[in-house]
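Both complexes shown next keep chain A, but they swap its partner, so chain B is in the first and chain C is in the second.
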Partner chain A sequence: MEFDIKTAFYLGNIPITETVVNTWIIMAVMIAFAVAAGRKFSNAAPDDDLGTFGLLTEIVVDGLNKMIASTMGEKAATFGPYIGTLFSFLLLANLSGLIGFRPPTADLNTTLAFASISFVLIQGTALRSKGIVGYFKGFFEPLWFLFPLNVVGELATPISLSFRLFGNILGGMIIMSLLYQVVPILIPAPLHIYFDIFSGVLQAFIFTMLTMVFISSAG
Partner chain B sequence: MDGMLLAKAIVLGASAIGAGVAMIAGLGPGIGQGIAAAYGAQAVGRQPDASDKITQTMLLGQAVAETTGIYSLVVALILLFANPLIRLLS
Partner chain C sequence: MIELSWTFFFQIVNILILYLVLRRYLYKPVNDFIARRREHTEGLLKEANESFARAKQLQEQAEAQLNEARREAQALIEQAVETGKTMAAEIAEQVRAEEAARRERLEQEIEEAKNLAIQELRQEVASLSVKVAEKILEQNLSPQAHMQLIESVLERMDDTYVN
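Presenting the complex of A and B:
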């Protein structure tokens, strides 16, 4: 039984893994959606009939905007587009297991990359709002000898963020494939509702939610 | 050669036991998440209007509480599928 990430092909000497290929496919889907929606809305007059696709886009974007605005307040305008993209990507990545892909989020490289972006955003926001002196002073509070503890606490954020998503998705994947070996038919099907749909949507939501909460509390 | 095989068998067996023992850490997050869910249900009972906000806060808290359980899962997975100890033998 192997859960290793397979190498799809070699680009020169660089191995291109399954994760990267699946990420490209999800990116292509998202870009196609964005281009189609952008074209629809840029040509539309205010009282035009947008059709099913247009209305669906409106519901999705409106829902994301509302969710971001309720958590981040006035910072929503700055971080909204990134957070929205992050949520859509993670959602599609987690759900891609349903159609037989290996979810890109079941690879620590993907989740650690996203957690690193979140880490940079958190530290950047803190640096901008407190200034350089205030930022470094924050590490020595409430007492100076707590400095190492504060540094470890900051570094633990991206690690716990990435491992949470990775562990949940990979754990679900492993449990499902073990189940498929024991009972190949009928029984595993309803369990996809929990391990792929419920867990996938929840973990995508939680990753974005925690990123938003950390960024808002940083500055 | 036989000694090497025996050493490998011992390492593999110990790793399997270690993976099982690591997953005992699942107890903690389970209890913690249960407590969070209990208070979440209580809060919704008191204030049904705020159920959206309560559910959101509860899920967020549960996700953070889950971290230790996920760490133990990762440790168990490493021991089972990417064992670093077996490489030390050769």
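Presenting the complex of A and C:
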């Protein structure tokens, strides 16, 4: 199948897929940007002129901070940088389809990996705020025999998170590929706006927003 | 298409590395800077507010002092006018008193001179009268009749010269 994930190369006998390589490229871009932008701020005096690039960086970081703070409240200071990283990466990953990349998020391994981290953060927050006894007691509430349902409920979170993102991006990718085979010019362009830009931004936002909401409500 | 592989672990490591790098090189410096600038701005704002309050206070003080000065100046002027009036009255009074005293002294001197003259005249007339009478009568009157005669003459003279 054309939509299968290709293996780029082997590291020993471990296959390194296209997904991982694309992830590394996106990471490299983000790290280059972060280091270049961050350096302007490290030793800047409060009234220094940071230039257009510095100003844009500040707008992006401050905007993310505000969005995170409005959802998570006082937990924003702890989780802010991770949530910000997650959102920025998902955004770039989803949009990378526009320049011909196979989006890393169109691979279940990627979305499940991120959803697993969200799951660990959610459970960790719950454990910390309720204590071990309170945490496990929570699985037997309101009635003891609802325990299996509670466990399934918790496990459903990362699964729904990962499959929602994966499905949307992969679906968009498949539809666009099929469309290119039928009408290769003109028609696909406006549909990129929906499947890559609109859907990509929305799904990145939904994934991060749900992670924030679940972490908040776990605390 | 849907299968779990090594990629899962790679992606966990990747996102964690990305998180650590971004936190260290982007979020920390930018957030520190934002906090630093907020502090700086709040400091400036506070300083500006304090300066404004101080300026307002100084202005009020200056206005109060100006009003006080005006009031004092007005009071001084009024006092000066009052003093001037009093002084003028005193001087006038003094002049009048001196004038009166001088006139009185002059009148007294005139009176004294007149009295002295009358006295001298009276003595002169008395001795003259005696001599005249001696000559006329060619005889000595008794001292009693003599004195009577003189007194009557003098009384008549008083009537004639003094009044």
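The criterion applied here is as follows: the second predicted complex is superposed on the first by the 218 of 219 C-alpha atoms of A that agree within 3 Å, B and C clash if a C-alpha of one lies under 4 Å from a C-alpha of the other, contacts with A are read in each partner's own complex, and residues count from 1 in each chain.
The definition used in the following text is that a contact is a pair of C-beta atoms (placed from the backbone, for glycine too) under 8 Å apart; a residue touches a chain by one contact, two chains touch by 3 or more.
Worth saying up front: this structure is predicted, and the values here are computed from it rather than measured.
Aligning the two structures on chain A places chain B and chain C next to each other without any clash.
Using the contact criterion defined above for the overlaid structures, shared-chain residue A:D107 touches chain C, although it does not reach chain B.
Taking the Cα centre of chain A as vertex, the centres of chain B and chain C in the superposed model span 130°, given to the nearest 10. By the document's definition of touching, of the two partners only chain C reaches A:G84; chain B does not. In the superposition on chain A, contact of A:I14 is made with chain C only, not with chain B.
In the superposition on chain A, A:L155 makes contact with neither chain B nor chain C.
One of chain B and chain C touches more residues of chain A, and that partner is C.
Legend: residue contacts after superposition of the two complexes on their common chain; A:R164 is shown touching chain B, with no touch to chain C.
With both structures placed on the common chain, the touch criterion links A:F3 to chain B and to chain C.
Superposing the two structures on chain A brings chain B to within 6 Å of chain C, judged by their nearest Cα atoms.
Taken together, the two structures place residues 3-4, 170 of chain A in contact with chain B in one case and with chain C in the other. The touching residues of chain A, counted against chain C in their complex, run 1, 3-5, 14-17, 19-20, 23-24, 27, 30-31, 33-35, 37-39, 41-42, 44, 46-47, 57-58, 61-62, 65, 80-82, 84-86, 88-89, 104, 107-110, 112-114, 116-117, 170. Every residue of chain C that touches chain A in the complex is listed here, in rising order: 1-12, 14-19, 21-23, 25-34, 36-37, 39-41. Only residues 2-4, 160, 163-164, 166-168, 170-171, 174, 202-203, 205-206, 209-210, 213 of chain A touch chain B when the two sit together in their complex.
Every residue of chain B that touches chain A in the complex is listed here, in rising order: 56, 59-60, 63-64, 66-67, 70-71, 73-74, 77, 81.
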